[in-house]
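Supplied in structure tokens, the structure appears directly below.
Per-chain residue numbering starts at 1, and chain names A, B, C and D are given in the order in which the chains are listed.
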Amino acid sequence: MTYFIQQMLNGVCWGSILAMLGAGYTMTFGIIGLVNFAHGEIFMAGAFAAYFALHVAGLPFGVAAVLGILGAIAIGLLVERIAFRPVRGSGMITLFITSFAASIGIRTLFVMLFTDRAKPFSMPAFLKGAYLIGDLFIFKKTIAVVIVLVVVGALLMYLVKKTKTGIAMRAMSYDSETAQSMGINTEKIIIITFIIASALAGVAAIMWGVSYGRIRSSMGMMPVVDAFIASVIGGLGNVFGAIVGGLILGIGETLFVAYLPPELIGLRTLFVWIVLFIIIIVKPSGLFRANVK
Amino acid sequence: MPGDNNQRETGPILKIEGLNKSFGGLQAVLDFSLSLETGELKGLIGPNGAGKTTVFHLITGFHKPNSGRVVFKGINITAQSPNRVTKLGIARTFQKIRMLENIKVIDAMKTAFYLQKPYNVLDVLFQTPKYGREERQLEEKALEFLTFFGIAHLANDLGSDLPYGLQRRVGIARALALSPELLLLDEPTSGLNTVETDELVEIILEIKDKFGLSIILVEHDMRVIMDKGICDSIVVMHQGAVITEGTCEELQEDERVIEAYLGAGVA
Amino acid sequence: MRVREGFTAVARYPIGIGLVVLVLFLLDRSLPGFWLTLFLLFGINTILAVSLNITNGWANLFSIGHGGIMLAGGYAAALFTLPVFFKVDIIGLHLPGWILNVQIPFLPALLLGGVVGSIVGILLALPALRLRGIYFILVTLGFNLIMVSIAENLPNYTNGAMGLRQFPLYTNVWWVWGIAFLVIYIALRLRKSYIGRAFIAIGRDQELAEHMGINLLKYKIYAFGLSTFFTAIGGILWVHLILNLFPNAFSLALVFHVVTMIVIGGMGSVSGAVIGAAIITGFTEVLAPIEEGFQVFGVQVPHLFGLTTLLLAVVLILILILRPQGIMGEGEFSLQGLRKRLSRSKAE
Amino acid sequence: MKRLGFLLLVFVMAGSVALFGADKEPIRIGMIASITGDAAEMGIEFMESVLVAVDLINSRGGIHGYPLSVSIVDGQSDPAAFALKAHRLIDNIKVIAGFGACDISFATAAGEVFQAKKTVFTDIAGTTPTIPLVGDYMFMTPIPDNDQGRAVAMYINDVLGYKKTTIFKDIASAYGTKLTEYYIHFLKEFSDDPNPVPLVVTYETFDEDFSPQLTRIKAQAEKLGLEAIVLPTWPRDAPTIAVQARALGIDLAFIGTDGVDTTALIDVGGDSVEGMVYATHYDPSIPGQPQICLDYVEEFRARYDYDPGAFGTMAYDSLMIMVEAVKAVIDEKGEAWWDSAGLADKRTATRDKVATMTFQWTSQAFSFTPEGWPRRALVWRVVENGERVFYDFQSYEDYTPEGVETLPFK
């Protein structure tokens, strides 16, 4: 039982990061129809900004976290400017490809500037350590990550459901032309969407740094696929769904590693995808209705 | 083809019995029945949302009915896939014009000759004389159709760039190219001005005779059908159900029709 | 044009083919190793791009799973083309004897790999064809990752992450460009037949296509089967040129390169796919000396590795901004069209 | 700022080449490494290392007065690019010899081309023992996995004395998979224990979260009697695994292999890797190394502010193998022959020297077996007070005693 709970906690920690990434991912898709492959690089940029603030400039953790989020937002807006705005309305495939090109470009630039070596990302003292219950380790960082997820998730839900901006976003996600004719400033909403999604990626980057203690230039490459999966599981465009999807994915991956026979652990990718295929084919709209948020 | 389709029936070319279709909780078509004689032109009218287009979707197999039967030329085509239905000889046009994007009118017409498949893959790959001959014939036939609709000069233009009225014609020409026996026209005059409407009605009557077609014409604007008096008979739908059927004259008196339209107008 | 018409169709082909063969022969003899390899990679990329164009460009089944197909075809062919001593004595694969103890020539291996690629492709397509847009992309993306995972986890049959080596160097100008011209020919011919028109109709408007009597499932499977057949063959040619096969050989990055080719060239255009393949193949290699540092007037320009990749990303975005339909749009390159355009510009 | 300094140095280097005057044609050697892409982490260290070594050689008058020019090209972590660049080095840049790569697929992609053009090629960091099978022009600098697996198994069994160990196997990497296989095979033989590695946990390159695997180890450690965790990983993974293991309260010993010897081990690993013993190829305090190697380490440290790890040293060794072979050719045949001989002759002569001579300028004296594997010693280092320091030394003869089956393949 301790083993199971410990593994669940591991899964929740990893899942929370995926959830945070997936939430941003799903917003850009739901509201402006962009499958943003550069989301991983926005995430990576956030981690680097925080790393420089923390380790090069020696700023306190709180400031570094804010700078990390700002860094992610900066790259997010850059992606919007170069890879989204000029080709807006040219169809999902074009957007998909420009965002992929932006992803490669930004990643290569970071490798050129900072190499691809792992860089340490030390966690602040108050997050170090764990509470021990019998054999069970409950890490402070896990608690922090979950609290951040809950708080940010609740704020996001409030924003999308209750605020004027959120209503405008939802209107746009249904039909951007109609939304425009209803007097919604779509330009502004797009920018706000990018800012929020990038900020979420920035938060995810800080969570990542704290949880795993290292960052590198190509760290965004794989998690972006996971975030993609998470948002599809939850119904593309549905923020709550993406968060749940991320948690399911994180816990699922962990449990595969925890309970498969050791020689089959390598096949966990296969298991994850098979589960996803079943979900997509049986219920293409994801576990939660898409477009509702 | 499953065996139950082989039982041949005599009589009307199209016979629909007790068709029902609901989407979620919404009953789109309710116990719809219709009978169409060979060579007949039937109007299907009703206010917006009456379920007319859904009936077309059900006939062509685009939607599967919850219950009921569609029999075409004595063959049960209920819930067959659209391509099968088309193969059997039913062609339709669309209310919202569908043009193959970035495709020349002539190529769109050739695509519509798909069913004829006058040559096989080997002919294509080895460029046999048969392929050349048949392709040329397809082109000539396509031009013939376009000439008939008075748009031959536009053969090399992109379909999606044409003005609205001409797109309607391409749409009907394309449906005819499938050499149907039954043509389903979904609001062919919507979005057209009076001159264009008149011309199109002319064309419809002309093709009906020339190709020996049976036609169902869906229209939500009552005047088009009533004023022209082109339909042999008219079916009136309201909220998914047939409320009455009759000739033009009969219906003009019918209170239920007026009520349906007025009710819709008020709502 | 007058003179041309003097030739009959029968006479024109041998002359054209003869010319192409002569050019290939001269290139094969005269190109130094680097340019020859580049030329071969260009040919392989042409095969990949033209065949990917059938699904992604025409039938609008936007697949990014063709890397998995190349992997399946590549391994299927590799198990038969590898020398027996390598399979048995060096890496010790656990395969049935009829695979382990034979080494077959290239042509049957190509066909075998192509068929396996096709079968795997259709097996992928059957459940995936119900899906549209982003879901289809996601499933094909996952397919790629799954194939890599399977190849990694079956070391008894694939040698796992260590991969396979010691392939005979089969790939040459004749195989590559012979097959490339075959694919181009088939694609161009199909496009001008009811089959190609059915593919394109499905790609543009699936419902309309269905109402034109086209059997969606059948044609989607045709498109996928044809495309994956040649994609697998492209993969096998790659394996027997680079002489390497390992689970990550055809990663997502490679698939995106091919997607980029057809997007730059113009989705749906066969000649566009060829042009795109030329640009993407040549781009990083021709510009490579820039990133490696060089001397100008005695001043050493330092290394800037990664620059070409960065430039490629920039160029790709610029092309999509300035000419979203790609270089060729959906049209095809033709001498007449070119002549027409030239005379028009002269007249202006 | 460090970056800028690096660029300035490259300018200085260009100047130093100019000093030699025009009468002697430079000796061209090519290096192909993944400086971008998935394997960039190692390629950059190769490049840094080689730039230092080239400077060092040229500042000492080059090779018999011929300036040394190393062309570095980027394989982009893509075997097709490796093959193409290999062609370019051979045909366009006309190198005498080449070296590079960090993985069997990249090494053999380039190696096949070098083999076909009869030019010698040495792999820097790919350790799969089948690499030299490409042909008689292909060699490998690092200790192959079968030898390292044997050496590590022997050391753990005989010296460190752990009876039961567990191992992290990276199924996406040839290095991790192969080393795991050999390690288990030899440990069974040395320990007379049918199951000395009762638990093998797998992961995949690019994984970040190892806590599920570690939790699994923790749950079974007592039952299985585990004493140590062996980490044959890429540089980025071992320290992260160590950090996460310590956080979970796992106090088993860590044993690393040559893949972990980079600055990231301490930077990322911090306190968690303290006391970790690992096998590698070099330590500045190993006995019998030449002065030039010590100078190289000093210069490297001065330039980049960290110690060259296994990867930097392997790149340095690979370069020195070529330099020494070329020098030996000139020694033997004279400068007149070198100036007049054709490129093909020079390449063959260089290959023959590589195959037969014992290298003295490399970090340790060693020679190649007829198959192309190196006979070199394994160095053990330990992390002590946040520094990587010398721990022990296993000579080739130590870990390859008479009668032991070396098991090169399978």
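Quick notes on this structure:
Keep this in mind: a contact is a pair of C-beta atoms (placed from the backbone, for glycine too) under 8 Å apart; a residue touches a chain by one contact, two chains touch by 3 or more.
As the structure is a computational prediction, the values presented were derived from the model and not from experiment.
Farthest chain from subunit B, judged by C-alpha centroids: D. Taking each chain's centre as the average of its CA atoms, subunit B and subunit D sit 73 Å apart. Centroids built from CA atoms put subunit D at 36 Å from subunit A. Centroid to centroid, with C-alpha atoms defining each point, subunit A and subunit C lie 33 Å apart.
Centre-to-centre separation of subunit A and subunit B, using mean CA positions: 49 Å. Annotation for subunit D: residues touching 2 or more other chains are 36, 171, 204. In subunit B, no position touches at least two other chains. Shared interface positions of subunit A, defined as residues touching 2 or more other chains, are 108, 111-112, 266, 269.
Two chains count as a pair here when they touch; such pairs are A-C, A-D, B-C, C-D. Chain contact summary for the complex, subunit A toward subunit C: residues 29, 35, 82-83, 86-87, 90, 92-94, 96-98, 100-102, 104-105, 108-109, 111-112, 225, 228-229, 232, 236, 264, 266-267, 269-270, 273, 276-277, 280-281, 284. Those residues of subunit A that touch subunit D in the shared complex are 3, 6-7, 10-11, 13-14, 108, 111-113, 115-120, 122, 130, 137, 139, 208, 211-214, 216-219, 221-223, 253-255, 257-258, 262-263, 265-266, 269. Only residues 9, 186, 189-190, 192-195, 197-198, 200-201, 204-205, 207-208, 210-216, 329-330 of subunit C touch subunit B when the two sit together in their complex. Remark: subunit B residues 60, 62, 81-83, 86-87, 91-92, 94, 98, 100-103, 107, 110-117, 119, 121, 124-125, 127, 131, 135, 174, 178 touch subunit C in the complex. For subunit D in complex with subunit A, the touching residues are 3, 36, 38, 40-41, 44, 171, 199-204, 206, 208-209, 211-213, 215-216, 219, 235-236, 239-240, 243-244, 247-249, 262-264, 267-268, 270.
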